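What follows is subunit A paired twice: with subunit B in the first complex and subunit C in the second.
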Partner chain A sequence: MSLLTVSNLTKSYRCGSKTIAAVDDVSFHIDPGETLALAGPSGSGKSTIARLVLRLIEPDAGRIEFEGNDFLALSGAALRARRTRLQMVFQDPLAAFNPRATVARVLDDPLRIHGIAARAERPRRIAALLERVGLTADVAPRAIHEISGGQRQRVAIARAIATKPSLIVLDEAVSALDVSVRGQILELLLDLQRQERIAYVFISHDLGVVRAIAHRVVLLEGGQIAESGDARTVIDAPQSAIGKALVAAAPRLNRIRP
Partner chain B sequence: MTALASIRDLTVTYRRDGNEVAALKTINLDIVAGERLAIIGESGSGKSTLALAIAGLMPRSSRIEGRVDWLLPSSPSSGAKAPLGGRDIGFVFQDPSASLDPVMTVGKQIAEVAYTHLGLTWPQAYAKAKSLLERVRLPDPDSALQAFPHQLSGGQKQRIAIAAAIAAGPKLLIADEATSALDTILQAEIVALIRRLVAEDGMTLLFISHDIALAAELAERIAVFRHGELLELGMTAQIVGAPTQAYTRTLLDAHIGLDAAPLLNRAGLDA
Partner chain C sequence: MSPLRCFLRTPEAVAGAILLAALIAMALSAALLFPGDPQAIAGPALLPPFQDWSLPLGTDRLGRDVLAELFHGARTSLAVGLAAAAAALAIGSVVGTLAGFAGGLVDEVLMRITDAFQTVPGFLLALAFVSVVGPSLGIVVIAIALGTWPGPARVARAEVLSIRERDYVAGARVIGMHPLAIAFREVLPNALPPVLAMSSVIVAAAILTEAALSFLGLGDPNRVTWGGMIAEGRAVLRTAPFLSIVPGIALVLTVLGVYLAGEGIVETTAVRRGLS
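Showing the complex of A and B:
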């Protein structure tokens, strides 16, 4: 059974006298432990879909089924409980946290708010989470602004997995990182997926990364699905005009390998 | 091969919270007139500092040692004359909003550069602005002249920033992560635009990027920076095909291209 099923999702914004269909009749599904990439040019609706799936905004029309429930019908305690299963990691980890907050505080919040661990047990849980994402416990007392961008993104991932989610939405989560750090974060995400069967909605306009990490891809343009399918099949031989344009625009390193 | 700028033993130190940060350490580099030179390196390696030091735009709190000698065609007799920002050097930054004035029309901003540096009258400067908007292929130059920056998309704003940067006919165009905030389609368009303008005007290009693949597509030479040092400098084919530094190889290996081996182990999924 699929983990997340999105059907006919629609969301428009009013912009002066014009109405922009940011997401226009979009349907897709994700299986447990699967990575589905959303790719497309700027403004194609990727982040709007992310926000709709996370219920940070409400759609004009459509259905979202998550873990067998009508996710849009949930409210109150039922919604809060279900939300622990659906987490997010965004591009700029500084923006998501108070920069003065310590790493320990950032990880303590979800454990406390969702009643996952008693106060006495939380420091041990925090240390375990840090270890899980490849950090040592000595970063716990440091402020968020004192650690590197790659470390911050690891903390963001640790926070996301603190509530044992089945799905994490990653919106350009590796786009701002240096290439070498980016590779390490992608490896971490894959490792977590293998161990805990977490599914990812992986949003990126970098088709190289999408091809390397995703099982399937949905290519968006103007809020609509232009093309979707197996990530390597679609990217190696795109059928849609936007797919062809995205592939043609990707920078290539013509390396002469020894 | 004449050097437009010769950088000799350039060392730049920032002061921050009572500490000294060495952002560049004894850099020696010739920028050849007419070349497309890329500066690549990880975040904090000193790329932007190099650009600012070359353009003489360093903050007062910084300490600069060494020197940059210029050979500007405008003043052949005095080879070491300092260049003038805006006239001799055009700058394009990652965030076009940072270089565009939000409360001034696009036309006025570009015309002002031409008016200030080329000694044109205002009507001539506006005519020049319009022709520049045509050169950067903005869809509707007449209405763009009247537009304010917030009314334009990110890609359009970057085209306007480029038009303003080249308005005075600079010898050197410095593009500091000029395409990093754009999606790949817009990025490819802006790179093609920069390449065309540099060729048409015979400008020298300093293209700063953390993306080695993008740099390799545009530049004839690549300089690799790390921790404020110039690690390696060579022709693009040599840097990409036969780098001498292990760090450059690490950068090349970390690039995930369309032909990269998938990281994903499909056997792990029973969907």
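Showing the complex of A and C:
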């Protein structure tokens, strides 16, 4: 049974007199422990899908089934409780945290809110989370703006795994990082997936990265699915016009690990 | 550069800080320098200033020590000004945050209430409130805050409207934080700087409003206030103008000091934020 099933998802925005279909009748599914990439040009609706799946915005139509339940039927406390299983990592790790927060507070929040660990035990859990993402416990008291971009994205991943989710949506999570740091973060993600069987919705415009870490890929254009299938098959021999254009525009495609 | 050095570079801010420090010193030392009731009779009535050095600023119509009254009046002015401003800022930020963060119907309702309070002149509102409920220090504070909070509420709401679209607010929702916790723990503290920047103007206005209420006889009758002193002096304005002029000057200097020091602080923090 699939972990997440999205059917006929539709979301449009009113822009003056005309409406823009940001997401138009999109359906896909993800299995446990799988990585599904969403790729496509800017404005193709990738972030909108991410926000819909996380219930940060509400769809106009469609269904979202998560872990066998109707995810759109949840609200209030039931929704907040279910959020433990479905997490997100944002593109800009600086914007994704309260500018006044410290690393410890950022990681303390999910543990406290969901009663995952008693107050006395939380510092130890925070240290364990930091260690799990390749940081040391001494960054805990630091302010979010006092650590590097790569460290910050590791903290974001630590926060996402704090509640033991089965699915993490990564919206351009490595795009803002420089190449060497990007490789380390991707390694960390693959390692977490292997050990905890976390599924990823991996949003990226970098087909090289998509080919390296995704099992399957969905190519979007103008809010609609242009093409989908096995990541390597699609990227090595795209059928759709947009797929061909994206592959042609990806410079380093062949130099990334085959 | 340290914030203090930066602050002290502008002469206006220094002047404001000195005036404000003098006012605070007066308020704090009032009970020490002039123990006992400042409203008690201390000498002959209507003694002009600089005649008797035990009563340097002379006495009023009833023979009360003007200097003692001035010091005790500083306490009232400062206490009411700060308390009313704090109350207005607190109410304003809470209402503005709720309206901006919740949006929809809650926003509509709260902002219409804010409009209603803002369209009535603040001083009239304070006047009506005190005349109905009766004058006491607490009531005067509430009355002034009642007419002052809509300004901070609007500023807080505007700031919250921009902050609530940031990724970190979405992040807080994703980890399952309660909406009220997001509004007050995550959003409100980051919306405060522009609201706090209004505080100098608000404190200054609150001090003036308190003086005006006291002048009209609606201050706390058990306390000396500068507004009350001016009103007292009015009866003998031709023969003993100093009775109105002395507290008047104190009021002007206080408002000026609060305003200049406040602007200096805003300037300093703005510069520091610009640098970082």
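The rule we apply is simple: the second predicted complex is superposed on the first by the 251 of 258 C-alpha atoms of A that agree within 3 Å, B and C clash if a C-alpha of one lies under 4 Å from a C-alpha of the other, contacts with A are read in each partner's own complex, and residues count from 1 in each chain.
Everything that follows uses one rule, which is that a contact is a pair of C-beta atoms (placed from the backbone, for glycine too) under 8 Å apart; a residue touches a chain by one contact, two chains touch by 3 or more.
Keep in mind that what you see is a predicted model, and the values were worked out from it rather than measured.
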Joint occupancy of subunit A by subunit B and subunit C, clash or fit: fit
Which superposed partner A:34 touches (first subunit B, second subunit C, both, neither): first
Which of subunit B and subunit C A:179 touches, first, second, both or neither: first
First, second, both or neither for A:90, with subunit B first and subunit C second: second
Vertex subunit A angle, Cα centres of subunit C and subunit B, expressed to the nearest 10 degrees: 80
First (subunit B), second (subunit C), both or neither touched by A:123: neither
Larger contact residue set on subunit A - subunit B or subunit C: B
Which superposed partner A:232 touches (first subunit B, second subunit C, both, neither): first
First, second, both or neither for A:163, with subunit B first and subunit C second: second
After superposition on chain A, the shortest CA separation from subunit B to subunit C (Å): 7
List of subunit B residues in touch with subunit A within their complex: 42-43, 153-155, 182-189, 210-214, 216-217, 240-242, 250-252, 254-258, 260-266, 268-271
Residue ranges of subunit A in contact with subunit B within the complex: 31-35, 41-43, 149, 178-180, 182-183, 186-187, 190, 193-194, 205-209, 211-215, 232, 235-236, 245-256
Residue ranges of subunit A in contact with subunit C within the complex: 51, 54, 56, 80-81, 83-84, 86-88, 90, 92, 95-100, 109-110, 113-114, 159, 162-163
List of subunit C residues in touch with subunit A within their complex: 166-168, 170-178, 186, 189-190
